[in-house]
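In what follows, subunit A forms one complex with subunit B and a second complex with subunit C.
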Partner chain A sequence: MEFKELDPILHAPLRLAVISLLLSVKEAEFTFIKEKTNSTAGNLSVQISKLKEAGYIEVTKQFKDNYPLTICKITPKGVDAFENYVKALQSYMHPNS
Partner chain B sequence: MEETFSKEESLALISKMINAAKKEQKDNGIGWIIWGWLLVATSLLTVLDIHYKWFQLGFFWNVFGGIILLYMLFAIIRSLFFKKIEKVKTYTQDLLSKLNAGFFISLMFIIISMNVSNYLLYEKYAVYDVIPINTGFALLINLYAFWILIYGTALNFRPSVIGAYCTWAVGFTALFMKTFEQVMLLHALAVVVGYIIPGHIANHQFKKLHKKGNSTDGV
Partner chain C sequence: MNENEKQMTEAESLSIISGMINHARNRFSETGHLYLLWGVVIFVCCITQFIMLYFFKNQNAYYVWYATWVVVIYQFYYLARRKKRQRVKTYPDEIIGFVWFTFVICSFILVYILIKNNSVNAINACILVMYGMPTFLSGIILRFKPLRIGGIICWLIAISAMFTTYQYQLLLLALAVIAAWIIPGYLLRAKFKKEN
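This part shows the complex of A and B:
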């Protein structure tokens, strides 16, 4: 039985939380992700940048009533990476299946 | 050094985040309750009006129409000038907003067709009859049932799915009624089973979920 390697971009708690959250919604604002993941703004910014660099999410910055908004959205590449990550996890959890 | 975690923790985290996102897709049921009670009140006031002849037949429906038009005007102004910042957008919200638009267009279509048929009947035969109005209300109940079924399915909310089939049964019965009073009573019943009961159940579940959920968010 060959074990698939876990994607290092996704195999980190906060990045995996962000991707799992974005997978279930169309798009989400930074403060929503921060609230749901219970993370700090600084740490979340760093992890979002890493996900963006990997091409797993799209980040759009805009202003609404003088408030800056950072909107995040999962990309098709991010969806594929997440699916592969879950398959790899399953191969570890159920090696005979 | 970056924090890592076990495979079991990964799966637990994925499940937790998906559940956190699912919470955003719940409806608090307030809209169904307000809409439902407005329709029930209008139907029952119309029944009382038929008995006591306070006003012309249809007076309370005109008042109801006025309230809805005012609300629509308010909603348009709010969406144009006072749009709230949405922290999250879901595919379900997208589907439901299109469904609502389709519902209101179909609602207007049926209401206009009821009035046009009535007018043409009067023009051609110089008679006024409640048949087009009764049939129109049965069709409106049918439209409510369709909306409730899609809404309930999209939100995976079983009481609405059951409510939709009950509403259809009441709407089908309304097709065979001879008096406007009977149709109004069935209309009120359809709204109670389709909107009000599921609306209160949704509201209760929403409150429970958000009370419980506040402590479970987070990685």
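This part shows the complex of A and C:
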């Protein structure tokens, strides 16, 4: 029986929520992610930075009506990491398969 | 331990993943506004042109279609405003945009070819064939049955349009507009209001 190691970057509630949300859309604004994940701006900001450092998401900063705007998008590396994470989860849930 | 780094069980991980994917999947962003607007404008143009041709024998009645340019200008303004307000871009939104863009380009080229070949009588039927395509595909992408039905009705009306004169094709076009734009537009608006 072989248990695959769970990616520590993704194996955290908020980071996993962000990646799962970004996987389903093309790109999303910071405020949208904050609303859907029910998180605080400070906490979300820290977790987004970690995902960005790992190369799992792309973060673009723009201005809209003189207000800063942060847009997040999942990268191919992030998609791969998510797929591997799900496979690892499956190995824990169905160890004999 | 920090709340963000706490150990999750496999079930908790799966619950977060499915919850977030559902959040994005259930987001219905089509308000039906443009379907309704175009539906009403084209309907009014068809009926007005028909009345002017049938009752007043006015051969310049096609001028009524210039009203659509006002709607085109409004549409640019509306889409720019919507884009500005949009906080998330989904793949279905993007694909639907390209489908309609393809329809507009193909329709303009087709109408130009038909006019050049003096096939004015076939314009309405060809436009209906073309129009059925984005309507049907939008129905598939949005998983919205009324649009799929609207697309099929357009194709059926296109076939029947070949057996009538230009004048009566205007009435068929008006009927197609009700089936493919006005009714789905109202239903889309109702669905959007319910889900947002």
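Descriptive notes on the structure:
The definition used in the following text is that the second predicted complex is superposed on the first by the 97 of 97 C-alpha atoms of A that agree within 3 Å, B and C clash if a C-alpha of one lies under 4 Å from a C-alpha of the other, contacts with A are read in each partner's own complex, and residues count from 1 in each chain.
Everything below uses one rule, namely that contacts are C-beta pairs under 8 Å (C-beta built on N, C-alpha and C of every residue); 3 or more make two chains touch, one makes a residue touch a chain.
These numbers come from a predicted model, not from an experiment.
Taken together through their common subunit A, the two structures put subunit B and subunit C in a clash. In the superposition on chain A, A:Tyr67 contacts subunit B only, with no contact to subunit C.
In the superposition on chain A, contact of A:Asn38 is made with subunit B only, not with subunit C. Once the two complexes are overlaid on the shared chain, A:Tyr92 sits against subunit B and subunit C alike.
Of the residues of subunit A, those at positions 11-14, 16-17, 20-21, 23-29, 31-32, 36-37, 64, 86, 89, 92-93 touch subunit B in one of the two structures and subunit C in the other.
Against subunit C, in their complex, subunit A makes its touches with residues 11-17, 20-21, 23-29, 31-32, 36-37, 43, 46-47, 64, 85-86, 89, 92-93.
Those residues of subunit B lying in contact with subunit A across their complex are 2-5, 7-11, 13-14, 16-18, 20-22, 24, 85-91, 93-94, 217-219. Per the touch definition, subunit A reaches subunit B in the complex via residues 6, 11-14, 16-17, 20-21, 23-29, 31-32, 35-39, 64-65, 67, 69, 86, 89, 92-93.
The touching residues of subunit C, counted against subunit A in their complex, run 3-8, 10, 12-14, 16-17, 19-21, 23-25, 84, 87-91, 93-94.
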